[in-house]
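In the two assemblies presented below, subunit A is common to both, partnered first by subunit B and then by subunit C.
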Partner chain A sequence: MEILSSFILLGKGILSCLTLQNLLCCTIGSLIGSLIGVLPGIGISGTVAILLPVTYGFDPLTALIMLSGIYFGSAYGGAITSILINIPGEATSIVTCFDGNPLAKKGKGGKALSISAISSFLGGCIGIIGLTIFATMLSRVALQFGKVEFFAIIIFGLVLLTTVASKNMLKGLIVVCLGVLIGCIGLDEVFGSLRFTFGVVDLFKGVEFVTFIMGVYGITELLFAIAGEEESGEIMNYSKADLYPTKSDFKAIWKTVVRCSCLGFGMGLIPGCGGTLATFFAYGLERSLSKHPEEFGEGSIVGVAAPEATNNAAVYGSMVPLLSLGIPFSSSMAIMMSAFIVHGITPGPLFITEHPDLFWGLIGSMLIGNIILLIINLPFVGIWASMLKVNFSILMPIITMVTFAGGYAINGSVFDLGVMVVCGFFGFFLNVCGYNMAALAVSLFLCGTLEDAFVGTMTLYKGNLLSAFINRPIGGVIFLAAIIFFLYSAGKNFYNFAKTKNTK
Partner chain B sequence: MKRIISVMLVLCLSLMLFAQGGSEAAAADSSGAWTPKGGNVNIIVPFGAGGSSDLTVRAIVNNGAKYFPDTTLVVENVPGGGCAIGLTKFVTSKPDGFTIGNTSTPMVVLPTSTTTQPYVYYEMVEPICRSAVSTFVVYVRSDSGIYNLEDLKNEILSREMILACNSKGGNSHWEMEYFAMKNGGDVTAVVYDGGASAIAAVLGGHADITVQAPNDGREYVRSGDLRAIAVLNTERLTDSVYADVPTSVEQGYPWLTNVGFQGFSLPKGTPQNIIDFYRECFRNALADPVIMEETEKLGMIPAYLDADEFSAFIDESVANYKEIFSALEGRLD
Partner chain C sequence: MKKKLLSWTNRIISIFLVCLGIFVLIYSNRKLEFGSVTNPKGGFTPIIFSSGLIIFGIINTVFEFIKKPEIPEKLKNIHWDKWIIYMAECALYVFLIDKVGYFVDTTIILFAMIKLSGAKGWLKPLLITLATAFLLFAMFNYAMKIVLPKASWF
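Right, the complex of A and B next:
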């Protein structure tokens, strides 16, 4: 009964959004969002932060609608760069590169884009349904995660990374450790001590994740182009028919989309890193369930649909603690929260009961934003895909320029550009040696939370990890699962290695 | 070979970018009036965008442009390390009048409470003014059975209490360590990455106590999830949510007060005429009723002090904190 009344309220919320002004703002928001989101380096939180002042003059609901348009628009824009030029804008769209970029290189960039738009849309819809039903019910879930649980989850995530992101587990393990080491650069968050900074003030803040990504993806790609590893100069050919998915494509992805959306929403409830880990988890899951696991990494449409459905659904999962408790667990959620505060709304435990009109209006606007995004982006697929028809020698310099501009825009710091270039060379050599960049980047991303959780666990349990896991059984079980998974993968890897050696 | 050469060329070209950076040797002329001549003036805020400290600075920047002639104020957020990163960046920047620092309590607390800070920030600034003060509130879960500091004291003495704090040695950490020590007990401090996460930890039962700014805990007191047991000041808060919350002084702990401050400074060595320019600007801006109202909305109390008074206030705070932290003897590290 309660669920039914939720949907009635959602209906009212959608209706309140359907004024000409709100629809216009939503459309403009999604359009600008996806255009800015395409620029590498700016990402979701950057885009929202840049465009936040634009909404100052509007009434709260209109402003929120525009912001959610911007938010989802930029999330979609991030997928465009992942697919077309192999530069992910956010941690959550790294996995989209795995299959999206190979598809684009095969001349099927258009199809990859429309698959990503459609799975994002469906993932978003399932996420919204989840938010409608569970917002109040699951509000306390995020609070159950303490330092011990976080530590266990991140360890599990890192183990997952060693196997999902690279074929050779040993190499995966090496890059994951390397990523954690790079993440240690700078002032540590807990004790304030300096590490690996050599007295350089600009290094105190550490290597920023987005700068790092732009380096190891953007600059590395450029270096590959120079080194001639790619078939440069070749003009991609594609036919109109290849732009949009066919019936059989839909048949191939619908189960994936539903599965991954549910997974994404569920894992999105884990504060902080849930969404990013969920994309890897979904990709690994789909690969093991697929009848053609060999296609993954070579340009499988399922490999694009899985992470895109997951990361969109995960956004709604992570909105649960923000809207029901007023606690933002990620930087993009923190910016959304400050946007709320600017408009005089303080999200807190009483937000849903005191401002039901705004809450349901916001959820309604998300649904409308998703629909508008799909409508305005599908026709653009052809335009974006035709970007690949541009001669490589013209496209590459433009990408370089945009990469540098984006790298500078993050903090307005020239030093960051240097970091980016160094990361680029670093990534280039690692890539040549067959190491996987995704595992490197994500382990860097997780490093801060890992350390925070580890130090917290150690403080709470006086340095006794065993007693921590006995006292917090959920964390203990996850940690145990991580160890078993690690040993299993290592054993399998070793077995395969021995087999190939014998056959030789 | 050709490929290697071209890779090297790209490297050289990108390195050239750095050669260009920062060498405008503007000879500082300390005689006569000074203005930035329309140039961008960065205000370094050592907190992330959207926090209450950031918003108080933005309230001045957004509403006070008319008080800063020939100046374009730009807010630069440099968060991390419990303000250490932003403060380091500020005190090591050039004293040419184009960088202003948003210098608040951590400037004094960080270098006096811990030994790991790269600089003694408060010695490296030219104060412009204090803009506002704020106070802190002690929160516990409402099902905890703790109603006042007396209950808290007994609880601390009878079992291990966990304190959720925002940074080691900073505000939100030392108060409860000091309270426990003075009463002959101890608390276990666990660091969270900000007020919201620390509150979430208390709500979720991972920690027992947290000390936060009134605005951060307000919604949870209203909803009945948290209980505010003490305001760490000599006066109660005017906000209706906190009107019934007694101060620590009322509860018989006059040594347990903590008044945070917000202010602005220039890097040490800035010529006097530049300092005078900003003193004038900020004096006018901070008297603006709109800015005062916005500041109050953010849970701060406007409390302007001019450069000399602010300087004396900083010295007083340093002496005060030093006394407390030397009594704590490394408990904060």
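Right, the complex of A and C next:
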């Protein structure tokens, strides 16, 4: 019954989005999201960070609709580059290259792009169904969460970010510490003391998260694009007649899409896992289930459908902790959360009950964003491909100026622009040295919540963490899982290092 | 010399992070109150996490020195002249923005960026620059009602 009422509310949410202005904003968002996302090197996080200022002037619902268009547009843009020129725009698009690019080389690039768009759309629809069912349930559970549970779940998320999402666990731990320390700058909300401000008034409010993100993602990405090796711009030829999948193609992929969407949604729910790991799992699963595993890697349409359905469904999975707990566990979700906050929306346990119109409007907007993306992208495959021929020497400086204007617009502060440049400078070097930027951004974002939850726990239980976790068993189990996972990963990392050393 | 420096990037960054951790730890110890486990104060979190940064940073530095120094993959294709020019342009843009105003600053720096990025000719880059500066100025100032910096004389 409750699930039914959730779907009724979803229907109302969809209807509230169906105004001319909202549809137009969603279309524009999808278009410019795809436009930026198709540029090699600029991923979802970078695109949303760069285009966030475009949404400033709108009311919250319209802005959310436009943002979802930008988000899914940039995700699709990443798939276009993966398929046509073998450059994944985002980590979640890496697996799409495995079969997408061989298909493009066979002259079936158009079909690969269509399969990608359709699979993403279907994955998104299944993800929305999952989100509609689980978000309400989890938000009710989340209402029971206290400081102890929040502390445990943040620690668990950070452990997963440093272990699963980071290639090098040690570097993951370093950036988590660094992120929390950057988050400590400014007026401390828990104790009311000024920390690391060095008398600079502009630092009293701390490092603005969006500014920080625009620096470490936006400026860093632009640095790579401007100073990196120029892309060849060579586009594989594809037959326009072979643009759309046939009935037999649909027959071949539908089971894959359903399976992978469920897998993606489930893995997206796990903090820190995100879509990247899920796409690898899905690809492996489909290859092992396939009657023709030898086709994988050579240009299998199932090999394109699997990662695309998975990563889109995983987006909705990772929206569940974001919307119901208010905790983002990936950089792109952290950027989405900051975008929500910019528009006066604070996700969390009370978000669904206090702002049902916005919550269901948001979910509805995602569905509409997906539909519009499908409609506008299928006929424009050729145009997107030609975007790669764009003159970078003109485009990148313009994007830089848009980023600066957006960075200034957040607080109207020139100081923030300086912070952005400094963050871009350090972000570049941390990025090239393999430090996980997602862990850095998320830990900075969670610093305040972590400190509040930790201090609250310590004060309530008189510094006895053991007592806290015994009295609050849910928190205890999550914390124990975090410790076990941490120790297991540390041991595995050390074993791998020793093994590599001995082999050499 | 350049190659050697680049191959030391991992080590330099690692040492820098350890030094940063030490600085934060000393600063927090002197200027902020730690409190106690039962009653933490403002210095509690910075001290714990700067200690973590130092410990993990030292271990990482040791690993970096055990490994053979290599130029990070992403640095191999970087054109350093372009990199430095772009960073300098960004810094100059921020420095000038409240002195000459948004429109003039954007026009000058964007034009310089486009030209230094290798755009050919003068008229096309100039027209693109002026159009972009005007559009951004109009979009933020008039459509979004966000007042961008203006110089007193412009």
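Methods note: the second predicted complex is superposed on the first by the 277 of 504 C-alpha atoms of A that agree within 3 Å, B and C clash if a C-alpha of one lies under 4 Å from a C-alpha of the other, contacts with A are read in each partner's own complex, and residues count from 1 in each chain.
To be clear about the criterion, contacts are C-beta pairs under 8 Å (C-beta built on N, C-alpha and C of every residue); 3 or more make two chains touch, one makes a residue touch a chain.
Please read all numbers here as calculations on a predicted model, not as lab measurements.
Asker: Counting only touches as set out at the top, which of subunit B and subunit C does A:Val455 meet: first, second, both, neither?
Answerer: In the superposition, A:Val455 contacts both subunit B and subunit C.
Asker: When the two structures are overlaid on chain A, which partner does A:Lys147 contact: first (subunit B), second (subunit C), both, or neither?
Answerer: A:Lys147 contacts subunit B only, not subunit C.
Asker: Of the partners subunit B and subunit C, which touch A:Pro379 in the superposed model: first, second, both, neither?
Answerer: Touch partners of A:Pro379: none, neither subunit B nor subunit C.
Asker: Quick one: classify A:Phe224 as touching subunit B (first), subunit C (second), both or neither.
Answerer: After superposition on chain A, A:Phe224 lies in contact with subunit C alone.
Asker: Taking the superposition on A as described, I'd like to know which of subunit B and subunit C A:Pro328 touches: first, second, both or neither.
Answerer: A:Pro328 sits against subunit B, while subunit C stays out of touch.
Asker: Go through the superposed model and pick first if A:Val402 touches only subunit B, second if only subunit C, both, or neither.
Answerer: second
Asker: When the two structures are overlaid on chain A, which partner does A:Gly348 contact: first (subunit B), second (subunit C), both, or neither?
Answerer: So A:Gly348 only meets subunit B here.
Asker: Counting only touches as set out at the top, which of subunit B and subunit C does A:Ser393 meet: first, second, both, neither?
Answerer: It touches subunit C, and subunit B stays clear.
Asker: Please write out, lowest number first, the residues of subunit A touched by both subunit B and subunit C across the two complexes.
Answerer: 188, 190-193, 222-223, 226-228, 412, 414, 417-418, 421, 425, 455, 459.
Asker: Which residues of subunit B touch subunit A in their complex?
Answerer: My answer: residues 3, 6-7, 10-11, 14-15, 17-18, 20-21, 48-51, 55, 76, 78, 80-82, 84-85, 88-89, 92, 110, 114, 116-118, 162, 167-169, 188-193, 196-197, 199-201, 203-206, 218-220, 222-223, 225, 333.
Asker: Taking the touch rule as given, give the residues of subunit A at its contact with subunit C in the complex, in rising order.
Answerer: Residue list for subunit A touching subunit C: 53, 56-57, 170-171, 173-174, 177-178, 180-181, 184, 188, 190-193, 195-196, 219, 222-224, 226-229, 391-394, 396-398, 400-402, 404-405, 408-409, 412, 414, 417-418, 421, 424-425, 429-435, 447, 450-451, 454-455, 458-459, 462-463, 497, 501.
Asker: Help me check something: in the complex, which residues belonging to subunit C touch subunit A?
Answerer: Contacts found on subunit C: 9-10, 13-14, 17, 20-21, 24, 27-28, 32-33, 36-46, 49-50, 52-53, 56-57, 59-60, 63, 66, 72, 74-75, 77-80, 82-83, 86-87, 90-91, 93-94, 97-98, 102, 106, 109-110, 113-114, 117-119, 125, 128, 132-133, 136, 140, 143-149.
Asker: Show which residues of subunit A lie in contact with subunit B when the two form their complex.
Answerer: 49, 140, 142-147, 186-194, 201, 204-206, 222-223, 226-228, 271, 321, 325-329, 331, 334-335, 337-338, 341, 346-351, 412, 414-415, 417-418, 421, 425, 452, 455-456, 459-460
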